[in-house]
C-alpha cells in the first residue's frame, strides 16, 4: 500500500514538472511550482522526514510562490515566444547536455545500496550514535533537532547567516528610499469585510501556532526555521490586507533590520559564551553546570535566534518587494 | 517496498534533469529561477530517499520503536532548503532590477540591448 | 461501539474521497469560472471535512482528536473565505457569470476566459 | 585563546557582519569592517605560524568529535590561503571607502560592507573546514554575498552579469551537493578525513566515479575553468572595481583549493589519476584555457574585462600544475595561487584607481595617462611584468616552477605552451603600456589627477609584495613545498 502511494506521488511529480516545461503562462507555472513543492513535501512525509516536509511546505508552496507572484506583478505574466525560432539551437543542445548528465547519474546509481535497505553505510556508520546516545547526551526526543542544533550546530549557524545574507542582498538591491512612501494605495483588500474579519481572527492564531512550533521543536517536527516562516506569514497577511503603510506602523524597517541582526548575534553569542566558559565554539555543555541542562538551554537559545532572524528576514524580503512594486506602479 | 529498488532514484534523476533543462533552455529569467528550484528540490528528494529505511519511522525517539530513518539527511536537507529559498529571493531581486533597467526579463532581448550599447 | 466507529469512519473517508474526485471532474468540465469555483469549494470544505471527520473517529488519543479538530476549524474558516475573495475579485474585474440566454444556451456578455 | 584560532578566523567576520548592520552609519561600518579584517589577518598569521611550528590544527566545533560533529582542519595547504584571503580583503577594504564613492549610491554603502564581510567569512569558512557538507554551506554564504556585491555595480550590465553568475553558481553548487550526496550514500560520513579512510573500500564502484565527476564539474564551474568560464568576464568587468580586486585575487583560488583538497586528500591521488581520466581532461582544458582566454584578452578595450580574461588564462596555468600529478607540479600550483592573488590584486587596484578618476577603464581613453597618474600606472606596469613572469617578480617564481615541473615529466611541448602563453600576456600588457606611456596625451584623455592616497597605499603595498616575494622566496616557496610534500606524503 505504501509503495502504491509512493509511485503515485512520484508520477504526479513528474507530471507537474513536465507541465512546468510546457506551460507559457508564468502565473500557471508559479502555481505548478507551488504544487511541486507541496507534492515533494508529501513525499518527504512518506520518507519519514517530517521536519523537512514541514519546511518544504512552508517554503516551496508558501514563501517562494508568494515571492514569485510579487515579482510577476512587476514584470508581467507571460513568457514571450522566442524571437528567432529557426536559429534557436538551444533546446537541442540543452537536451543533449541533460541526457548526458542524467545518463551519468543513472550509471552512478547502479552500485548504490537499494532503496530502503537497513544495512546501507548511511544507516550503519555515523548515524547510530545520534540515535542511541542523543537521549543521554542532549536529552531531547527529536533527533533531527539535536543534530541540527547541537551535533551539527555550526551548519545551522551557517544557514542562519545564509538567510541573513539573502536579506542584506535584497535590501542592497531593491530597497526603496524610505523618505517618500506612496500615500495613496490602490487595490487594498481592506474593503473586503469577510476577508478582514476572518483574517483578524486568524492572525493571532497563526502567531500562537508559530510559537508552538518554535518551542515544541524539541519534541516533534518544528523548530526555529518553520516557526520563523509561519510568524512572518502572519505579518505578510496583515500587510496584504491593510497595506504596507499600516503594516510598517506595526513593524518598521529599522526594527526588522535590527531583529534580523540580533537573531544571528544571539546564535553567535551562545557560541562565544561557551568559548569564554572554556569549551569550544557552540559547545553547549559549558553553558551550565549540568551538561544536559546546558544542551537544552543552548538549543532553546539558538532555535530562538534562528526563529528571530528567519521571521524578520522573510518580513524584510516581502516588504521590500511589495514597496518596490508599489513604487513602480506609481511611475506608470 | 522492496521491488522499488533503484526505480525511486531513477524517477528522481528524471525530475532533476527536467529542472536542469528548464534552467538551460528557458528564455525567461523567472522561469529559469523556477527551474533552478525544481532542480534543487529534486536533489533534496534524492537525499531524503537515501536515508529511508523500509519499515522505519520518523526519528523522534519514543518507547517501543527501534527502527528510525536516517535523521542526518533530514538535517542536511533542512539547511539546503533554506539555502535554496535564499538564492531564489536574491535571484528575484536581481530580476526586478533587470526589469527596471532593461525593460524586459527575456534573455535574448537583454542580449540584444547589450549589443546595441 | 468501536466497530460502528470504524465502519462510520471508513464510510466518511470513502465518501470524502469520492467527493474529491467529483470536485476535480467538475473543475475540469464546468463551463465557467463561477461554476468551477463551486466545484473547487466542494472539495475544499465538504470533502476535506468528511475526511477529517473520518480520521477523527479513528484518533487514538484526545490530543490527536484535538489537533484534527483544529485543522477542521482552520479549513472551514479559510476555504470559504478564499473562495469568496476569489469570486468577488472576479466579479469586480468584470467577469460575468454564464446565464441561460434566449435560446436556452448558456451565454454571457463577455467572452468567458478559457482557464482560471 | 591559541587553541581557538582556526574558528576565530571565520567567526570574527561572520559575527561582525550583523554588528555592522547595527552601526547603520556607513563610515562607522567601514571603519569597523576594516578593523575586523585586519584582526582576522592577525589571527590568520598567528594560525600560519602555529601550523608551521606544531603541524595541522584540528578543532571540534560544538565539542563533538570528528565524524559526528563538524571539524575545522588547518594544515600547510590551507593556512597560507587563509592569510592571502584576509590580507587582500584588509587591503581592499582600506581602499574601498574611496573607491566606491563614485560607484555605489550612498545609502547602499553599509550593505556593501556587510556583504563584503559575509563574502570574506564564507571564503575563509570554505578554506578552513574539514567537513564536506560544511563546504557547501559556506560556499553559498560567499556566493550569495558575491552576487550582491557584483550587482551593486554602476552599469546595468552588472545586474545581468550577476544573474548569470547566480544561475551558473547555483548549478555548480547543486552539482557539488549531488557529489557529496553520492559520496555520503557509499560511505555514510561527511567528514573529509573519515571519507578518505572509507572511500578506498568502495572506490571501484560506479557511484564513487559519478560522485567524483559531479564534484569536479561543480567546482570547475566555480573556478571558471575553460569552457565553464563564461560567467566570469562580465562579472569581473561590471562589478564595482574594488569588488573585482577582492574576487579576482581570492574567490577562484578558494575553488582551486577545494578541488585540490578533494582530488588529493579525500579521493586520493591514486583514485583521481588512475580510475579517472583526470590528467588528460585537466591538461587539455588548462592548455585550451590559456590560449583562448589570452587571445581574447588581447582584443579587449575595457581593461577590467581584459584582466578578467587574463584571470581565466591564469586559472589554466594553475590547473596545468595539478595535471602534472607530481610534487613539483602541485607546488607550482600552490605557489601560483598565492602569487597570482598578489599580482591580480595589484593590477585590479590600479584599475580601481583609474576608474575612480576617469569613471571607466577604457583603453581608448587612456592615451598618455601615465603622465597624469604616474604612481598608478607604475603600479600597473610592475603588476603587468609580474603577470608576464619577468625575473625579480613573483610571476617569475611560479612560472619557473611550472616549467620545471613540465620538464620533470618530460613534457617539452607543455613547457613551450607555458612560455607561449607568457608571450601572449606580453602582448596584452604591452598594449596598455604603449598607450599609457608612449602615446601623447590627446583631447580624448580626461584631465585627471593622481589617485588619492587611500588607493595608492594599499596598491603599493601589494606591488612591493610582488617584488619582495619575487626576491625573497623562502617563505612562499617553503610553505608550498611543505604543503605539496604533505599532499604526497598522505599518498595511500
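Structural remarks
Order as written gives the chain letters A, B, C and D; numbering starts at 1 within each chain.
One rule holds in what follows: contacts are C-beta pairs under 8 Å (C-beta built on N, C-alpha and C of every residue); 3 or more make two chains touch, one makes a residue touch a chain.
Keep in mind that this is a model prediction, so the values were computed, not measured.
Across all inter-chain contacts, the pair with the most C-beta pairs is A-B. Inter-chain spacing, taken between the CA centroids of chain A and chain D, is 31 Å. Averaged C-alpha coordinates put the centre of chain B at 28 Å from the centre of chain D. The mean-CA centres of chain A and chain B are about 12 angstrom from one another, to the nearest whole unit.
Of all residues in chain A, those touching 2 or more other chains are 105, 109-110, 112, 120, 122-123, 126-127, 130, 152, 155, 158-159, 162, 165-166, 169, 173, listed in ascending order.
Contact with two or more other chains is made by residues 133, 137, 140, 144, 147-148, 151, 178, 184-185, 190 of chain D.
Among the residues of chain B, those in touch with two or more other chains are 16, 20, 50, 72-73, 76, 79, 83, 86-87, 90, 94-95, 97. Chain pairs that touch one another are A-B, A-C, A-D, B-D.
The part of chain A that touches chain B in the complex is made up of residues 2-3, 6-7, 10-11, 13-14, 17-18, 20-21, 26, 29-30, 33, 36-37, 40, 43-44, 47-52, 55-56, 59-60, 63-64, 67-68, 71-72, 74-76, 79-80, 82-84, 90-91, 93-95, 97-99, 101-102, 105-106, 109-110, 112, 114-118, 120, 122-123, 126-127, 130-131, 134-135, 141-144, 147-148, 152, 155-156, 158-159, 162-163, 165-166, 169-170, 173-174, 219-221, 225, 310, 317, 320-321, 324, 328. Remark: chain C residues 74, 77-78, 81, 84-85, 88, 115 touch chain A in the complex. Considering their complex, residues 104-105, 107-113, 120-127, 129-130, 150-155, 157-159, 161-162, 164-166, 168-169, 171-173, 175, 177, 257-258, 260-262, 264-265, 268-269, 271-272, 275, 279-286 of chain A touch chain D. Every residue of chain B that touches chain A in the complex is listed here, in rising order: 1-22, 24-28, 30-31, 33-35, 37-38, 41, 44-45, 48-54, 56-62, 67-79, 81-90, 92-97, 99-100, 105-106, 108-109. Those residues of chain D that touch chain A in the shared complex are 4, 7, 11, 14-15, 17-19, 21-22, 59-64, 67-70, 107-108, 111-112, 114-115, 118, 121, 125, 133-134, 137-138, 140-141, 144-145, 147-148, 151-152, 178, 182, 184-190, 198, 202, 205-211, 213-214.
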